[in-house]
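Supplied in structure tokens, the structure appears directly below.
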Amino acid sequence: MVPRINSGTALSLQTFERASFSGTGLACRRGGRLVFAGLTFSISSGEAVVLRGHNGSGKTTLLRLMAGLNRKSAGELAWNGAEIHDFEAHSALLRFIGHLDAVKPALTVAENLEFWRNLWGYPPVDVKQAAQRLGLGALADFPARLLSAGQRHRLSLARLLVAPAPLWLLDEPGNALDDASLQALAGIIADHRARGGMVVIASHGTTVVENGAPLDVGAFTNVSETHWSEAV
Amino acid sequence: MTVFAAVLKRDLSLAIRQSADTFTVLAFFAIATVLFPLGIGPETNTLARIASGVLWVSALLAALLSLDRIFAVDFEDGTLDQLVLCGEPLVFVVLAKTAAHWLTTGLPLIILSPVLAVTLHLPAQGYGALLLALFLGTPTVSLIGAVGAALVLGSRRGGVLLSFLVLPLYVPILIFGTLSVEAAIIGVSTKATLALLGALALFAVTLAPWAAAAALRQAAE
Amino acid sequence: MHRFANPTTFMRIANAVFPWAAGLAVVLFLAGLPIALVTSPPDYQQGDTVRLFYIHVPSAWISLLVYGSMAVSSAAFLIWRHPMANVSARAIAPMGATFTGLALITGMLWGQPMWGTFWVWDARLTSFLLLFFLYLGYIALADAFEDPERGDKAAAILAVVGSVNLPIIHFSVEWWNTLHQPSIVKMGGFTVDGSILLPLFLMLGAFTCYTVAVWVLRLRAELLAVKLRNARMSEVSLSRMPAE
Amino acid sequence: MVPRINSGTALSLQTFERASFSGTGLACRRGGRLVFAGLTFSISSGEAVVLRGHNGSGKTTLLRLMAGLNRKSAGELAWNGAEIHDFEAHSALLRFIGHLDAVKPALTVAENLEFWRNLWGYPPVDVKQAAQRLGLGALADFPARLLSAGQRHRLSLARLLVAPAPLWLLDEPGNALDDASLQALAGIIADHRARGGMVVIASHGTTVVENGAPLDVGAFTNVSETHWSEAV
Amino acid sequence: MTVFAAVLKRDLSLAIRQSADTFTVLAFFAIATVLFPLGIGPETNTLARIASGVLWVSALLAALLSLDRIFAVDFEDGTLDQLVLCGEPLVFVVLAKTAAHWLTTGLPLIILSPVLAVTLHLPAQGYGALLLALFLGTPTVSLIGAVGAALVLGSRRGGVLLSFLVLPLYVPILIFGTLSVEAAIIGVSTKATLALLGALALFAVTLAPWAAAAALRQAAE
């Protein structure tokens, strides 16, 4: 299930096979409460979906659900039209960037990137190139604990470049970034889509995606009755 | 296997980068062993009588204190999410982290133990059995500890709760460990108890990683 | 299996059982307590302290039984994801801990006149003490989390792991003891005659029915708590910024 | 040194005495590296300063330095023209909102706010009113652990309202907020200034302050060619 | 004083909200006390001989494990920055948090200790002295612990490092504590040792809060 990559290790040359990812009637319950229900989306190579909704509407929850980190309460997720059952295999097809950055302060920027590359088992891509792309080139050999909020966040974004995967799930990737970094990120996302990648992105305000299909997460109103309430 | 290698390599290089960590586990071991003579009084006979017990209890407590670090840091900084999404069975991650834990705490404890045994006047016949028993027992400590550490992830006061969960499960190790040393001291064969320690280790290595992986997966949720 | 996992069906059965269990518990206590505490003959050796027996043995018995049921329903919860299995385990855990505590206390009180000390590190006592710790661990773990659903799962895993460990603890403690020195006292060493058996069985029955009845009550309470939480939770959705 | 408040407990009625806060030739060294130097600013009642600069330029460092949390390496901070020596007293005049939100997940929204109010020793202001103002009214009695990223951040911002102080130091207060919350924040900041308050704010992109005087923090040096590279 | 009251109130209500925490310290105390007979063997005489030492060492280790929570959570979630900026001397914050720590761990430990003493066959004459000594000693444990906890804030593997820093400072408490109990058992006056424990407490209460406050201030930096 590892994505087929048509070319060598230079990041910009890789293209992904055509694929699609979709969800129908998704619902998620957290702590006994229904966060959203009836969400449907579909995305295929080169496309982007932008999740919108007020704070607390469930964007993070939806992204984690797409990654298989949260369990859905109803609905179906499908890859190339076939329902996903094996989330372990599914996770090899995606990269998830969440609110937490997974950066090890004691390791240098390059070492952090190397660990991620090794984790996903990719051939020795030059991690410095990835760091460069996010403006961390000069910092490659510095321990990550010295980074500022935005620099750390950029390091976490660089994870996208060291081990390619067709589906990117990004939770507010623009947070804490300065203008130059936002532009770099927009370029990276555009490249990914041009290579046949897919992007699902949650973001307020700042837009780093062009022509993304909006998906309103907050549109659904909550239902409090569950099968629990019938009992007793 | 790439996952196993990647995680093991990173955990070891983090441990080397932060060598204070291994060091402080050893220090705790030493200090706890030293507190007993202070609390109990310096009589050689009493000390020799309880030496193996005190060494084992201190080693367990020292290992215990280092357990919460197996997964807690990765959990808090979001690395755990990424490990769950690594695309290979989580059991490899658990095995790698347990191996790293043993290499950076269990092994150093074994190496330090003879020195502390001298200060407690452990009879000479006991040393071989002590080392062998520690060698067979400490991997089980790390393995059971990994299950406990995964279970308490994200709980309030994880560290203390962890001790509480894991200590009853350490009782068999403690008992067979000290029995081995006692048997060696009085000249009885240590085969039976050491074999039991080995059996426990085998049992733990086949079951614990799965339990820990299950706990990890739901912690990420 | 699925039919019973449905909370409504489950509770219907539980509610139907409740009056019987409660009624039977009352009857058996009324019958058993006077015999156990008053009319049964004092032991020729132990005198009136033998009466502790009628509380001690049923408590010990129930606490083992409860752990078994907890482990089984936790496993069911983990394997089939039936929430009711977990609610059931959570509801009964405090009962198990209480009875374990009761057995420990009555045992200690009994030990003082019998052995001249409250406690010995005997194999059975030690493994029973560790069972008590496992109970406490389960309860502490179950509500150690901000998210109650996580506590459910973690505690269930612990219950299952603990049950694997119980026989290991039991046998290891036994070997440890016999290797060191023979036990000071063998419990249950005295012959049990009929005048003791009747009140004992009455009390066993009473304790069991009482446990079942309280378990149903606690089930209701747990379900109400879940319901309350859900109701409160649904209001969280009103968290949008007010339109200005 | 506690700020004199001219009126009762209804938050919107309080006004602050006229005051000014300034810094001259500020420099800060962290981990042996000079983050910035020669920064000068001045702000008085009703004004706002907006810190700008690329990621890693030192905005967070400067804000913490203004609060007395970080030690300055050179320069002078002054309140009403007098150099500040007693940072304990100075801290009673300010509220600092940093990257970390200081929210206790186990306490409810209202209990969190009450703690902060009690901490600063203010009379029983109605904390629910503060929660309301940031759209957390309906959540007042819910444990903070249930909040989403944006809701938590709003709770941390509500701290500004439960215990008034003339100087607000805000580190990227717009992070993770949805549009409605950004508007509410802008309104709160405007009110504060109207009452004679001062605001120093670090932010990329989204602007929640009108007519703020820009202060370029990044103008001094850039991470790549700093003393770091000489040092290591 | 408003600061003292506010912080104490919040810490206590957090402790009540999370009662599992106090509970787990007690459990650790109990379990550690139980491990010793298991390691050493069940003979009543040996146990009675070392009972007071084991109780004290276990109580210290239990208290130790709870220390890192005094400030660590506040440090990690940014509350510490706010406490430093509260506009009143940080010593009040330290005193409030230490008082809360003692009320939620020291006091329950004292209450539990007689029960555990029974299982270790502590001679009857020792109970009074044990309780009194614990009552005088545990506040010092919390106070010294607060200094240690403040010092290791933000360091890697704070928990273990903390044990290492604080245990040597606990040695006098341990020695006078066990001496008091031993003296009571053999019928000697316990005045001198208890007075020394009291003196240690006074000493700690006058110095420790300042040291901890200084450490906190630089941790926030």
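Note that the chains take the letters A, B, C, D and E in the order they are written out, and that residue 1 is the start of every chain.
Operating definition for what follows: a contact is a pair of C-beta atoms (placed from the backbone, for glycine too) under 8 Å apart; a residue touches a chain by one contact, two chains touch by 3 or more.
Remember, it's a predicted structure, so these values are computed and weren't measured experimentally.
Think of each touching pair as a link: the shortest run of links from chain A to chain B has 1 of them. Its C-alpha atoms fitted onto chain D, chain A is found rotated by 175°, rounded in steps of 5. For chain pairs B-C and C-E, the one joined by more C-beta pairs in contact is B-C. Note: the chain lying farthest from chain C is D, by mean C-alpha position. Chain centres here are Cα averages; for chain C and chain E they lie 33 Å apart. Centroid to centroid, with C-alpha atoms defining each point, chain A and chain C lie 47 Å apart.
Separating the centre of chain C from that of chain D, both taken as means of CA atoms, is a distance of 54 Å. Centre to centre, using the average C-alpha position, chain B and chain D are separated by 46 Å.
Counting partners per residue, chain D has 99, 106, 146, 151, 178, 180-181 as the residues that reach two or more other chains. Within chain B, residues 18, 156-157, 161, 164, 167-168, 171, 175, 182, 221 each touch two or more of the remaining chains. Chain contacts: chain C has residues 130, 133, 136-137, 140, 144, 146-147, 173, 176, 180, 233, 236, 239-241 touching two or more partner chains. The residues of chain C lying in touch with chain E in their complex are 108, 117-122, 126, 129-130, 133, 136-137, 140, 143-144, 173, 176-177, 180-181. Every residue of chain B that touches chain A in the complex is listed here, in rising order: 2-3, 5-7, 9-10, 13-14, 17-18, 76-79, 81-89, 220-221. Those residues of chain A whose C-beta lies close enough to touch chain D in the complex are 31, 53-57, 60, 99, 137-139, 141-142, 146-151, 153-154, 172, 174-182, 204-206. By the touch criterion given at the top, residues 18, 20-21, 24-25, 27-28, 31-32, 35-36, 38-41, 46, 49-50, 52-54, 56-57, 60-61, 65-66, 68-69, 155-157, 159-161, 163-164, 167-168, 171, 174-175, 178, 182 of chain E touch chain B in their complex. Considering their complex, residues 1-2, 67-71, 88-89, 91-92, 94, 96, 98-104, 106-107, 111, 115-116, 118-121, 159 of chain A touch chain B.
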